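Two complexes are shown next, each including chain A; its partner changes from chain B in the first to chain C in the second.
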Partner chain A sequence: MNEQDVKHNKELPKGRSLWGDGLRRLRKHKLAMVSLGIIAVYLLLTGFIYIAELFDCQFELIKWDAKVGSEYEPPGAENVFGTDFLGRSVLRKTLYGAKVSITVAFWASVISLVIGVPLGAIAGYFRGVIDEIIVWLYTTLSSIPYILLILAFALVLKGKTINLEWAGLGTIELAGITTVYLAIGLTSWVGICRLIRGEVVKHKERDYILAAKSYGCSNSRIIFKHLIPNVFHLVIISFSLRFVSFIQAEVILSFLGLGEKNRPSWGAMIDAARLDLPKGYWWEMTAATAAIFFISLALNIFGDALRDALDPKLRVQ
Partner chain B sequence: MDDDGILLSVKNLSTHFFTEDGIAKAVQDVSFSIKKSKTFALVGESGCGKSVTALSIMRLVPEPPGKIVAGKIIFEGRDLSVLSEKQMRSVRGNKIAMIFQEPMTSLNPVYTVGNQIVEAIKLHQKKSTSQAWADAVGMLRKVGIADPERRINEYPHQLSGGMRQRVMLAMAVSCEPALLIADEPTTALDVTIQAQILDLLDELQKQNGMSILLITHDLGIVAERADSVAVMYASRIVEVADSQSLFAEPLHPYTQGLLKSLPRLGFSGRRLQTISGNVPEPLRFPAGCKFHPRCPVGCNDKRCQTVEPKLRNVKGGRYVACWYAKEYEEK
Partner chain C sequence: MTAYIIRRLLYTIPIVFGVLLITFVLFNLVGGDVTDQIAGKAASKETREEIRQEYGWDKPLFLSWDSQFFNYLKNAVTFDFGRSWEDRELIIDKIKRGAGPSLSLTIPMFIGTVVISISLALIVAFLRGTIIDALAVLLCVAGMSIPFLSFILFGQYFLAFKWGLFPVFFRPDLSPPQYVALPVLIGIAAGLGGNLRFYRTVMLDEMRNDYVRTAFAKGLSTKRVLFKHVLKNSMIPIITQVVLAIPFLFLGSLLLERFFGIPGLGYLMIEAIGARDFQVINAMTYIGAILFVIFNLITDICYCLVDPRITLE
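This part shows the complex of A and B:
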């Protein structure tokens, strides 16, 4: 008998969870681990800059506005990536640019997930009128050309303040990167919302949801405790892939003059370098592009590997 | 009064599905009652409305398109059909629990077995988390899972079908419900495991004194385990009896056909009888008695073709919905 076998067999494999299993398989994927390493370097760099600024540390490497040489110095032993039109180190600007880009991408991802995931789950679970309203909302949003929409949001938000004094948080002035990530986040929840809605429509017909109802779970409990965890792998994957497009969106917004003005970001660097390029000063453009290239590639590879590792259909039981 | 000892009585329940192709009358005018601590079986072919009846009692018919259009569901003196959703939630799992046909998909794949049992316990009982976990281990032991301290931390995909059904049972009886609805609890399991699960059901029934509504299409299980039986055909109950007299003397032609189509010991070498024709579609039920196109007795009778027979009392404690029932009785 089944149970007896279990009793006598002391060498049963140790229990594994969905996530444990996924991570175990991810660890075998060498390219994914390299990508993860690259992502970690970028994140550590961003964290380092934040901490250094918070405690007012005087590290040479983050003094991006210091004059380190003459104007337009080509890459060399002194300055690895050369200098810009004011004689500032391109390397330092590129490193500092990570802060702006990663911050924007991170908050934009968080905002779009916080809006998109619950809305998608609610639409897919309740269907009917609620579904129609939410679907109408996102189809309307997605029918407007993306760049125009972001631009409109960014322009409207620019210079406004959000009063959070009732919450004891003071006021937030919408300037620079705050505008950028709010604009990106508020316009880009459509994709994840649609994805989650579709998945929830599929999952809510499964027996375990009926079983959960049959032992007395409320609707909100079913959505947040039973449905969302079951589609959460999609959220994580979409987070990793979205990150890339948000870094790019920041670049585009900065390029169009809506981003960070006073501090370097990769987008601002490309914007500045665009006029230098015809004169043969290629290094600033190259450095910023390479910085974007490596994190984009790493995130894409890692996102794909993560999806493969977590997709239950690809799991070998 | 006669109502003594009755836990649940369903009166004239009708549940319809309003689809694009028309109204599918999945359950029509169904009435039955379940006594305390007894097993009541609901038998019938796929699509005859057994499961929809069960879901209607739980008020879990997907709405829309489904809707309970008429009837009362009296449970412990309260009409469940008029309760608010919030009141209903405190009944589900607490007073009435349900287990399903597919143990492979009825557990949430991202939670451990323990998490799910604890959730069910904590929804209805004011217990500390550690107390609930201790209870969950106890429940797993009660449903015959070896090494429950370890199994409780395992995920559904690590368990076999039989084990999962045991876990479902542990969840279902964790709050000691008065009624357990078992919707084809053994259909997806091996024959040996089937017997174990049914034995376990019997045992739990003896311990907790709960009633069981057993939904099945397996007449063998009914004969062995049920105290009384209702036979459903095409959305209606055609016959109600205690299980012994039903098997000894089926009154409705459909029940007779079903019993004749069962293989019997010592009848080897002979072809089994079948009921000719197919189950009608819920959107295109025939007029009159729904069984008449397939009925060996009444297929040419004008009355059977036009007027639907109501369930009526023909002998002490027996009900049948057939115009010819009187004739049977006289024989």
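This part shows the complex of A and C:
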């Protein structure tokens, strides 16, 4: 490159990508940035608990099963959220519950992405018989009321073992949260699949796909290198809002006794509080509710702001 | 029209078949043999054989005219779900018994939610851009973020237990309006945020159209514009939302019935989950799916009734 070219380049205003533009708009949205901060706190907490457990660190704050006082101690200076029926700190249980919820929501998202995005893209790209089979599959699944489908999956999968000896992974026992995120993930790919299929059908006719075809790109290259990156912002928007429903689904499943049994989760805390509340022990219930409320609110606000920033066409006033 | 309905009905056949295939695979293949669970661990070999014979688990799975899957299809089409594993009662009788209490809970809740949220949405849409609108949206999002369980628990604790405004639990001597009042109220409060936000978006999309400006310009009153013009034109998304919610009314409310001890279908399912009674969950899943398919068809027909531009071809 000679000197003149460099000079010329400097004079050109820098183009903004979709992501750069979206990010710029997002930064202006104060409430969204606060929400992002709250989400980050939850995520950091989860990461911290994982690391601490991995290295077997002895932090006071994550020892949820330690007895810190007498039974049903009301909130006070020593225990911010009081204690439960075994004298364990409610604050520590709530913090630990974040790990369960975030883990479930994360793996449920991963599972439904891995199933939904490729299936939707393949259906939209190839059309014909493949499309009809995939559409039939998701229409069928979406005909079954969502909560019943999740319950059915969770109920059936509970206590089963998956044999992965042939892949050298040993056996996986389906217990606790594994069942929960499998059930949520295997049932909630339908929405994302439908969304991606609709977008791919539209994008398929665009010139850049024609160009890719004329270069001789293979079908899989067009799908995974061209189509999916161009519709992926929709996936992110959809998931920032879907994360909330995953967290709430985990709460309901745990509450119904289909989730984590031996470790604290927000749903299990609410289940325990069900019997404590009439006796006047309100703090465990309040702590779990507050924990769910703040992450849900932050995700809802952030998801809306993200949609406005990345997809201005959809903007609602 | 008739041709369209017939074609749509034919289209539902593969869907219903798919639902049956999924539930069969889920409950009979993945769920596995539950003879032990029914017979108990100490049962003799003969008893277990008898149980297997009664439920047909000794037959081949797919490839025979007398296979498990074929019998499953036959039973589903005739709504014969067999007997519950727990108390040997016919499952269909249980469902019939539970439908009454469930509907007496969900129908008022549904009507209340729709009427209140649509009226509020009209008001909020009219006040768009003002501080009241912004506040309403924020409140909606906040309401959506509170878990349903917390609504129920705190509502029950304060309104019924502490202040004694409503009966805390279902009792057979109470009349339906007495025992559903509080659950209905809680259900409406919990659903209001999401619904109001949805209808507001629908209304705002309409408010931006030119005909609304014209209507205001020619001097029509706000009430007239909102109820005569905007509401009618936003009918399509509203119908989708409303009609497709109806099948869920039959399923009752799992959590509300659990907390208030209302012996409806939600309660039935909770009991079945506790007892790992797959047959009951299976029957409810099937009935729920059938209702959903039927109401989906009704939605499509409603579209063409409210919007003459849509033709059913």
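Methods note: the second predicted complex is superposed on the first by the 300 of 317 C-alpha atoms of A that agree within 3 Å, B and C clash if a C-alpha of one lies under 4 Å from a C-alpha of the other, contacts with A are read in each partner's own complex, and residues count from 1 in each chain.
The rule is simple: contacts are C-beta pairs under 8 Å (C-beta built on N, C-alpha and C of every residue); 3 or more make two chains touch, one makes a residue touch a chain.
For clarity, every value in this text was computed on a predicted model and none was experimentally measured.
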Partner chain in contact with A:A152 - chain B first, chain C second, else both or neither: second
Comparing the two partners chain B and chain C, which touches a greater set of residues in chain A: C
Partner chain(s) touched by A:A211 [first = chain B, second = chain C, both, neither]: first
Residues of chain A at both interfaces, chain B in one complex, chain C in the other: 317
Residue numbers on chain A that touch chain B, as the complex places them: 2-4, 6-7, 15-18, 128, 206-208, 210-218, 225-226, 229-230, 232, 312, 317
Residues of chain C that touch chain A when the two form their complex: 14-15, 18-19, 22-23, 26-27, 30-32, 128-129, 141-142, 144-150, 153-154, 157, 161, 201, 204-205, 247-248, 251, 254-255, 259, 269-270, 273-274, 276, 278, 281-282, 284-285, 288-289, 292-293, 296
List of chain A residues in touch with chain C within their complex: 136-137, 139-141, 143-145, 147-149, 151-153, 155-157, 160, 244, 248, 251-252, 255-258, 267, 270, 273-274, 277-278, 282, 285, 288-289, 292-294, 296-297, 300-301, 304, 316-317
Complex interface listing, chain B residues touching chain A: 58, 60, 64, 89-94, 97-98, 100, 102, 105-112, 119-120, 123-124, 144-147, 150, 153-155, 157-158, 160, 162-163, 168, 171-172, 193
